[in-house]
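Look for chain A in each of the two complexes below; its partner is chain B in the first and chain C in the second.
So, the complex of A and B:
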C-alpha cells in the first residue's frame, strides 16, 4: 500500500509539471489583459495534434514537432489577442464568451480533421520505462516533467529579469502607470499572448508524448488551468507551480485510493472551496476579486 | 412591442400545429427548439436582470430532468405534478450555489461550470438512485388531459409553448416591477445601489432561483418527452452552450430575443448545418457566437429593430 501511495505521489508530480506549463500561459494573459482565455486549453490540444501529424506523417519523434507546434499555437494565440482586442463593450464578459466560442471552433475543427479517436505516441523510445529507486515512469513522462520545470523557471527569470518580462508585470499591476513609463501596453499584451502560445505548444507536445489526447481534452485542460490559477492566486509563478503539483498529486491520489471516476470531482471541489473560502488563493497576494 | 409579441404567440398556437402537425419529424424539431428556447430565456433572465453570465445551466437542466423522472417512476407522483416539483428541486440545488454569488463576472461563470461538472459526476456515481451511466429508460410520457393527448407531438408543442409564454410573461413582469429597476441600477454600480437601500444579494439570489426553476421545469418536460436519461446527456455541456449562443444571437438584453434566437438557431442548425457537416457541426455554432460578439454584441433583434426604425424614418423624410 505504501509503495502504491508513493508511486501515486510520483506520477501526480510528473503530471503536475505539465499542468503548471498550461496554467502559466493562462495566468500570464489573465495578468496583462484581465481576460480569461477560455481557448487556452484548445491551443494545447492543437499543439498536441501537430505532434501527432509530425509523428504519423513524417515518422519522426514527436519532439521534432516543437517548432511547428510553436508556430501554430503562437499564431492562434496572437489571433485570439487581436480578436479580443476588438471588443469594446462590456469587455470582461464578452471576451469570456468570445474565447469560449473560439475554443468550440478549435475543438470541432480538430474533430473534423483528425476524427474523435484517442491518439498517443507510438514511439518505443518515449514509452520506455525509467526506474528511480522503487518508482516507475515512462521516459516521456519524466522528460515532460523536466522540460516543464525548466520552462517554468525560464519564464520566471524572464518575468523578473528581462525588460519585456518586467513590462508584462508592470502592465498587469497598473496599465496606466506602465503607459506613463514608456511601455506600449498593446504590444506588451500581444507579447504575453505569444509567450502563452509558446508555453501551450510545449505543453501540447509534452502531453502527446507522455499521455493520450482526444478532441474534448482541450476544454478539460482549460478548466484545469483555470482551477490552478484560482488555487495559486494572481501574480506568482512559484504559486502556480505549487498549485499545479498539488492538483496533479491530488488527482493521482484520488485515482489510487478511491476511483478514477472521481478524479475530476476532487479537482472541482478543491476549486470551489478555494474560490469561496480563500478568495486570494493559496499563494496569492492580498487582492480582491472584485 | 408587447402586443405584437402576444399576437405572434397566438398565431403560433394555431398555425404551427395546422401547418406542421402532420410531419412528425419537423414537429419533433420544433418541440426540441422550444426546449432550448426555455433554457435560453432562463439563462438570459439571469444574465440580463441578474448581471450574471452562467456557463453551467446544464446543472439545473439535469437536476430537473432526473428529479421529475425519479419522482414519477419511484414515488408514483403524477407527471404533471412531478414537473413543477422538479423545478423546485432545481431551486433547492441552486441554494448550494449561493456562495458563488459573491464572485464577480468570470469567476461566477466558471464556478457554475464547476457545479455542473460536479452534479454530472454525482449523477454517474450514485447508481442506486440514477442507475449511473446506464441511464434510466421508460420514463412515463406526458398524460392525457380531458381527452387531449399531451404526449403527441402537437400536445408537447402546446405544453411547451404555454410554458414559454408563461416564462416570458414572468420575465417581463419582473423587468417592469420596481425589482427590475433596482436590478438595472445594479448594472451601473452595485455599490451605489446598495447605498440607497437595495438588498442586492437577495435580489440576485431571487434571480438565480427563478432561473433555476425555469430551467429545471424545462429539463423535466424534456425527460418526459424523450423518455430516456443518462448523466452525459442530461448534464451535457450542450445545454449550457446552445442557450448562450441562442440568447446572444437573438439579443440577451431583450425579453423575446433569446426565445426567437433559440428557435431560429436550433432549426437552422438541425436542418441546414447538420446536413452540411454531420460531425463537428458545433463549429458553426461557435462561429456564430464569435461573430455575434465581435460585430453585433447586442444581438439580431435590436439590430433589426434599428433597421426598421431607420427605414420608417427614411419614408417620412
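So, the complex of A and C:
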C-alpha cells in the first residue's frame, strides 16, 4: 500500500506540474485584465499541434518546436487581445463570449487542418521510463514538471522585479492610477497576453510530449486552467503552482484509494470546498485594491 | 479525410449522379446525421466515407433507383444530433443512416422514431438502444459481438485473470460489465477499473493493477486517446502480464502508423487483417471504389459505414418496388434482411439488433494486423505472451 501511495503522490505532483503550466497563462490574463480567456486551452492545443508538425514533418524532437509554438501562440494571443480590446461595453461578460467563440474557431481550424486523429509524440526518448527508487515516470513528464517550476519562478520574478512586470501589476491594481504614472495600459495588457501566449506554447509542447492531444481537448484544458486559477486566488503566481499540485495529487490519490471514475468529481469537490471556505482562493488577497 | 473534404466528396458524388442518372430512375433522399467535427469527428468521418462509397456502388448497380445523400454534421453533440434529425426530416428524407456514440444515437433515434423514420447505425453498441422497443431502429453491430470475440480469445489462450480498465462512457462501461458477467462463470477472475473519460494519467490505475490485481491480461474498453495513455503507463510501470487487449479502434493500421512504439503485439477487435485482403468480389470492389474516392485504404469504420448504408439502400429499393415505402414499409423490409455482407451475415431481430454480429481479434505484428482469433479464421499465429515492451 505504501508503494502505491508513494507512486500516486509522485504521479500527482508530475500531473500537477503540467496543470500549472497550462494554467499560468490564463492566470496572468485573468489577474491583469480580469478577462477570462476562454480560448486559452485552444492556444495550448494549437502549440501542441505545432509540436506535432515539427516532429512529423521535420523529424525533430518536439522540444525543437518551442520557437514555432511560441510564435504561433503569441500571435494568436495578441489577436485575441486586440479583439477583446475593441469591446467597449461590459467587457468582463462580452469577452467571455468573444473568447469562447475564438476557442470554437481554433478547435475547428485544427480539426480541418489536422483531422480528428489522436496525436502524441513518437519520440522514444520522451517516453523512456525514469526510475527514482520505487517511483516511475516518463522522461517527458519529469521534464514538463521541471519546466513548469522554472516558468513559475520566472513569471513570478518578472512580475515582481521587471519594470514591465510591475507595470502589469499596476494596471491590474488600478488602471487609472497606472496611467497617471506614465504606464500605457493597452501596451501593458498586450504584453501580458503575449507572455500568456508564450506560456501556452510551452504548455502545449509539454502536453504533446507527455500526453495525447486531439481537437476537442482545448475546452477541457481551459476548464482545468480556470479551476486552478480560481483555486489559487486571482493574481497569485505561486498559488497557481500550489493549486495545480494540490489538484494533481488529490486526483491521483482518489484513483489509488477509491476509484478513477471519481477523480474529476473529487477535483471539483475540492474546488467548491476551497471556494466555500476561502472565497478568494488559497492565495488570493482578501481585498482587491483599486 | 477532413470534414471539408467529406463535404466536397459528397458534392462530387452528387454531381456524378446528376450527370449519369437515367431519366426513369427514381431518386430517394437519405439523411446522414453524423459527427464530422467535435470529439467523435474521426470515427464519424470514417463512417461517412463508407456511406458515400455505398452510394457510389448502389447507384452504379441500380438502373431504377438512385440514392441521394443529405449530410448534416451533428458536431458530436446529442442536442445537435436531434436538431439534425429534425432538419433532415423536414427535407423529406426516406430514412436516416449514421450516428456515432451511444449517447448521441439514443436521442437522435428517439427523434427519428417520433417521425416514424427508419434509423440505421453502426456506431452505438449500448444495450439500452435496442431495449426501447422501437420498430424503426436498426444496427449492425452490438456489445455482444465484441464480448464474444474477446471471450473466445481468452478461452483459446487459457486466461485465468483479467483486469478491465474501462471508460465510464455508456458503451465502454456496458461492454466491461458484460465482459465481467461473461468471464466470471468461466472461472476467470475479473477486476474492473472504471475511469473518467477526462483523465490522461493512467499510472495510478496501472500501478494498482501491477501491485494488487496481478492479472494475466489487461483488457481495455476505451477509445484511441485512452489506449495511448494506458499502454504508455503500462510501458513505464511494466506490470507482469501476458498481454494487453482492447476493443474498437485499437487493431487498426492507423494506430500502428501513429504509435508504432506502443502497438507491437497489442491485440484488439478487428474484422479485417491489414493490409486488407478481401476474398469476395464485393469486398474487392468496395476497396477499389473507396480507394478511388478517398485515395486511401479501407478501414473498419469505412466498412461499417458501407455495410449499414448498403443494407438500408437495398431495403429502400425493395420497399419502393413493392409499393410499401411510402406506407411505412421500410422497417418491415429491413427486418426481412438476411444477407452475407462484408461483416458477416446480417439478420435483424424484432428490436433491430443484428443477430449474427461477431467480431474477430487482430494483433499488431510488424506493422500488419494479423487475425489471431477465432483460430478457425486466423490469418496467422498469435504472439502470446506478447507485449510492446
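Note that in this section the second predicted complex is superposed on the first by the 285 of 290 C-alpha atoms of A that agree within 3 Å, B and C clash if a C-alpha of one lies under 4 Å from a C-alpha of the other, contacts with A are read in each partner's own complex, and residues count from 1 in each chain.
Convention: contacts are C-beta pairs under 8 Å (C-beta built on N, C-alpha and C of every residue); 3 or more make two chains touch, one makes a residue touch a chain.
Given the structure is predicted, the values throughout are model-derived calculations rather than measurements.
Aligning the two structures on chain A places chain B and chain C in a clash.
By the touch criterion defined above, A:81 lies against neither chain B nor chain C after alignment on the C-alpha atoms of chain A. When the two complexes are overlaid on their common chain A, residue A:3 makes contact with chain C while staying clear of chain B. Residue contacts after overlaying the shared chain place A:36 against chain B, while chain C stays out of touching range.
Legend: residue contacts after superposition of the two complexes on their common chain; A:15 is shown touching chain C, with no touch to chain B. In the superposition on chain A, contact of A:255 is made with chain C only, not with chain B. Of the two partner chains placed by superposition, only chain C is touched by A:122; chain B is not.
Once the two complexes are overlaid on the shared chain, A:93 sits against chain B while remaining clear of chain C. Once chain A of one complex is fitted onto chain A of the other, the partner contacts of A:193 are absent, as it touches neither chain B nor chain C. Once the two complexes are overlaid on the shared chain, A:112 sits against chain B and chain C alike. When both structures are laid over each other on chain A, chain C collides with chain B only at 132-140; the other stretches in 6-14, 42-50 or 132-140 stay clear. Once the two complexes are overlaid on chain A, the chain A residues touched by chain B in the first and by chain C in the second are 108, 111-112, 115-116, 261-262, 264-265. Residues of chain C touching chain A in their complex: 1-4, 37-43, 45, 76, 168, 193-196, 198-201, 203-205, 207-208, 211-212, 224-225, 228-229, 232, 235-238, 254, 258-261. If you check the complex, the residues on chain A that touch chain C are 3-4, 7-8, 11-12, 14-15, 108, 111-113, 115-120, 122, 124, 127, 129, 136-138, 211-212, 214-216, 220, 251-252, 255-256, 259-265.
Residues of chain A touching chain B in their complex: 36, 83, 86-87, 89-90, 92-94, 96-98, 100-105, 107-109, 111-112, 115-116, 219, 223, 226-227, 230, 261-262, 264-265, 268-269, 271-272, 275-276, 289-290.
The touching residues of chain B, when paired with chain A in their complex, are 53, 55, 99-100, 102-107, 109-111, 113-115, 117-118, 121-122, 124-125, 237, 241, 244, 248, 277, 279-283, 285-287, 289-290, 293-294, 297.
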